[in-house]
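After this come two complexes, each holding chain A, first together with chain B and then together with chain C.
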Partner chain A sequence: MIWCLLAPSLAIFLAYRVLPLAWNVVLSFEDWSPLHPARWIGWDNYDEMLFDDDVFWQALWNTLLFMASAPIAIAMALGLALLVNADIRGRDVYRTIVFLSYPLMTVAVAIIWRWMFDERVGLINYVARSLGLVDRPIEFLNSFDWALPSVIVANIWQTLGFYMIVLLTGLQSIPPELREAAAIDGAGAVRRFWAITMPLLRPAVFLCFVIGMLNSFTSFDLVYVMTGGGPGRATELLVTYIYKLGFAQTRFDYAAAVTVFFFALLISVTAVANRLSGDDAGAMRAD
Partner chain B sequence: MKRRTVLKGTLVGAAAVAMPFVARAQASTKLSFLTWNIADQEALFKDEFADFQRTHKGVEIEWLDKKGPDLPAFYQTQLVAGTAPDVVDLQGAIWVEYAANGALLDLTPYLAKEPDVARLYNPDYLASWRYEGKTYMLPFYIAKTLLYYNKTMFKEAGLAGPPTSFDELIEFSGRMVKGEKSGFLTLNFDWLYWPLFKMNGVDLLTPDLKKPAFNTPTAVAVLDRLAKATQSGAINKIAWTGRWVEPNGAFAGGTVGMLHAHSSSYFFVKGQGPWINRDTLGVAQAPGYWATPTNHGFAISKTSKHPDLAWEFIKLLTGNRWATEFARRRKLLTGTIQADKDGLELIRKEDPLGGEVLQTQLEHTDKFTGNWPLPYDAALKDAFYPEIQNAVLGRKTAQTALADAERAVERVMRRRA
Partner chain C sequence: MHRYPRWPIHLALLAISIAMLVPFYWVLKTSVTGENIFSYPPSLIPHAPHPFYYVDVWYYIPFARYFLNSVAVSVLTVAANVTLNAMAGYALTRDFAGRRVVLMLFLSCMMVPFQATIIPAYLITGRLGLLDSYLGLALPQCSTIVCIFVFKASFEAVPSALADAARIDGLSDWGIIWRIMLPLSKAAVATNVILSFIWSWNNFLWPLIVTRSADMQTLPLGLARFLSYQEDTTGALYAFCIMVLAPGILLFLLAQKEFIEGLAAGATKG
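And then the complex of A and B:
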């Protein structure tokens, strides 16, 4: 009976996830494009990717840097969660304001930030120049040094609210008696945070971490709209590179090889994160 | 009942039974037509379809328009599914890959059979759709790069007219730098910046298109000058980083002396720049008269079940009558000689400056560059341009950037050729 109930979902999962993934793996060993029939070429695509493609390595490095921004966002979200969890006036309003960025369409977020960073009419340059912080406008998205950090800032801004809500839920599930008992025993605020709050918040933090990793890997729309991967390759991520290979260069076979690598990387990172969280990432203890 | 009456009745009955089948058979002839980001011309297309259907009874036309980045992906999926549209509108060099892989119908026999049709079109534009001696497309609408210049800024800098050489272009750009003002911008997609190299005698590839030819002392010097001009502010950095809206928008802002762009930019710039009129905006050919075309053409998919009908259809769309109407409505040129002559006259009356811009598109059409018929053009661009950015934005020296670009281009050619 249970299998009958599961069948529709499993069929969809099989048709839209498992089969395309399997086909993608097969494709990565072929020379194929929509314009000519497939030909088996063994490891050629992987050989090209690992030993003959500088762009792949640049995109991988950028992806790892982008990924490394997740802990920064989580740390900021934790600070905000602690703040809006405290007994302060208007905290519900603050929670709503911080969360507002998350449901926005990523393309809209990218366009907003593109204008924010614009050197001619952007708000950030306007404020910086008005305050006398800079003489000339900073070309955030047109600079090799600033482009990736700028995109990361936009990404953090969008995901901050989500992390905050997850962490807030985690904070609210911690029984207040524990902190009260510790306070009676003489533990200060810092001690209480590290000895009680953080250990009990660990599942929520790791849930954020895993989602942050996955989000970093798949931030295609944000990067594509803000910079298109440029200038040069300064903001090229694996996911934008895969798109370009497939849809601009009609190299679906090679794109498939990069995708398989990307998939393996994602699985590895998720497995490591899960292991670090004690094999129960995201689990919320009821007791 | 007489035998004749019975016979008549039988024939009428048979005809009555057969009629729906005949009608259905005629109605089942369907032409699918895919255009690229030109949904605003729905009214024109409907008129054209009606005209075609008047002479081709029972033919149904299924029209679909796709936005810029969606069309190639859509067309490719249709090719895989075996349901490619009969007629497709393609832009830039993407057609070469399709032609080289056998997705497009060779139109050469049709043009040979109907030489009068071939004579309708500007031969230079028509030649830009030739691959390995075969012609694959007919012109839908055409554009090539030119030089727009801000006459007010030129006057302020004491400049009498547009530059006639690369040296002057760089020098003039430098003379217009003042505060927020810069001297020059270029569009950079689809090799639109290549005339800057070509006017200095630099070629991307050897004449047989087999090897890179750009890593020369002259090219290094050109790139170095572009980089230095960019660092000094003479060339606006948006020239190398912006896509379409940003460079055009910057020029429309009135703080950039020159814009190297295609004719399509004119209407955007004019719409954004209230300062623009015949006294303030000048148009000229780029030094050396070199220009990169960015044309749209009609191709017929090789899988079309009705290639002859599709040929008749694109002949109608690109023929004098409808091409003139298209030129008038969309204020552009079509590559159809008489239509462009008539269309240009009409445009000149409504918008003399627009007429001047479009006039440049019909001159020096023997000096196209940046339109190499290579099936892996997209990969080549993607390998080459980031290194140009590295040089002009000061991350690498011109020499290193060109050496790296050469390696990247060689890799593409080795893997794809």
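And then the complex of A and C:
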């Protein structure tokens, strides 16, 4: 009876989580497309990926840069969390405003930010020109230098509120007596922050890092709609590259090899982060 | 603790709030005037706002069709999530051989982002004959691990004497879930409904992969397609954006508490 209750969910997870992982691995060692039968080719796909595919390396590099933006977002969110944790009027309103962009449809968010970054009439160029920061408008999304940072800005705008909520939950779980006791002992605000708040906040901060990493692996919608991976391959992420390999070029086998690499990278980075945090992130998630 | 002045905090939060809201304002303004598209410098305050771009949307694209598809897929997803997650969540509160294995499996599955499964997921859905169908669109999201754990936590808080008494009176497990557990877990149900709705409503990658015909496209696909046809040349694009965003924003403002608690419980997208 118990198993009957579990069966539907188990079936879905086996079919759409476990089986795909295994299938990816098998597919990555094959030469296969819907048009001809599979042939075992060993490591050839991986050979091509590592030694003969500049786009793969570009996409990997962009994914790592995207990941590297997470600490910036988390630092900003930490500042915000401290501010909205203060005992002030209207703090719920501030929290709502900052969080509001998180649950929105990312396709729409991408269109909003395309419009903000528009070279002729986007608000950002308008402000920059009005302040005299630039003489001619910057084509943010068509520029090799600016496209990736622009996408990252849009991503931070959308995810900032979520980091803030995670950190705020962490802050609120710290007993106020600890800080009060330290204050009585003569510790200043800065000292209290580094000696009490930060160490106790570590699980929440590391959880944010894990989420940020996952984010760099999953931000398909934003990149696909904002830039489509361009100009050239300037904003190509591993996830958009996998999609294009699979569904634009019908190279399922090679896309599977890139996916296996992508997933192995994700798991190892998460494991390292978890180890660094003293297995705290996992503990918090299981709560 | 009233020693520090409040105004710098308010000032900082006000500045951040404005920065967060400005993109909404910019798009809302364009959707009622369209003037930014043709003029420089852009005006900061809308002149002569009109609703015509909102009307245009209905003529440019089959908005009603996209909307219907999105609603159908979301209703299917939400109904399946509440039912299947409640069943699985209840099962996990019981003792049975293999419980630890199932828990481990669920926790490991949480580590697998959907994006890492797209190629086989497409092939599997094809073998099931579900490409380009509502069921195919909904199926991978029909049960969510985070939401199973939300139910599990809520069911564990129900006094076990209640379930035991019901069982002695001859109620089946199925009856216990529907007559006792769910009515006592309103907050968990709300969290399940909201999270699964938002994930389904916003989903883009999976519909992009499984839909073939224009008739099966959902709102996010319609939005992306509209962008590729029109580029940024009409205010209707931004009116469309606002129309698509409005339900999500409304739902979020109404059920903020459940939404945030659910996310904090799961902390990762299932």
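Simple rule for what comes next: the second predicted complex is superposed on the first by the 273 of 287 C-alpha atoms of A that agree within 3 Å, B and C clash if a C-alpha of one lies under 4 Å from a C-alpha of the other, contacts with A are read in each partner's own complex, and residues count from 1 in each chain.
In the analysis below, contacts are C-beta pairs under 8 Å (C-beta built on N, C-alpha and C of every residue); 3 or more make two chains touch, one makes a residue touch a chain.
Keep in mind the model is a prediction, meaning the values are calculated, not measured.
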Looking at the overlay, what does A:84 touch: chain B (first), chain C (second), both, or neither? second
State whether A:12 touches chain B only (first), chain C only (second), both chains, or neither. second
Tell me the contact category for A:267 with respect to chain B and chain C: first, second, both or neither. second
Using the touch definition from the top, say if A:244 reaches chain B (first), chain C (second), both or neither. first
By residue count, which of the two partners contacts chain A more extensively, chain B or chain C? C
Between chain B (first) and chain C (second), which does A:57 come into contact with in this model arrangement: first, second, both, or neither? neither
With the two complexes superposed on chain A, say which partner A:33 touches: chain B (first), chain C (second), both, or neither. first
Partner chain(s) touched by A:103 [first = chain B, second = chain C, both, neither]: second
Contacts for A:48 in the overlay, against chain B (first) and chain C (second): which applies, first, second, both or neither? first
If we overlay the two complexes on their shared chain A, which of chain B and chain C does A:220 touch? Say first, second, both or neither. second
The intersection of the chain A residues contacting chain B with those contacting chain C is 120, 247
Sites on chain A touched by chain C in the complex: 1-3, 5-6, 8-10, 12-13, 15-21, 23-24, 27, 80, 83-84, 86-88, 90-91, 94, 96-101, 103-108, 111-116, 118, 120-121, 123, 126, 130, 157, 160-162, 165-166, 169, 207, 210-211, 214, 217-218, 220-221, 224-225, 239, 242-243, 246-247, 252, 255-256, 259, 262-263, 266-267, 270, 284-287
How about chain C: which of its residues touch chain A in the complex? 1, 6, 9-10, 12-13, 16-17, 20-24, 26-27, 30, 36-37, 39-42, 84-85, 87-88, 90-92, 94, 96, 102, 105-107, 109, 111-124, 139-140, 142-143, 145, 148, 173, 177, 198, 201-202, 204-205, 209, 219-220, 223-224, 227, 232, 237-238, 241, 244-245, 248-249, 252-253, 256, 259-260, 263-269
In the complex, go through chain A and note every residue touching chain B. 33-36, 48, 52-54, 120, 139, 141-144, 228, 230-233, 244, 247-251
Within the complex, chain A is touched by chain B residues 69, 72-73, 76-77, 79-80, 97-98, 101-103, 237-238, 240-243, 250, 253, 376, 378-379, 382, 386-387, 389-390, 393, 395, 408, 411, 415
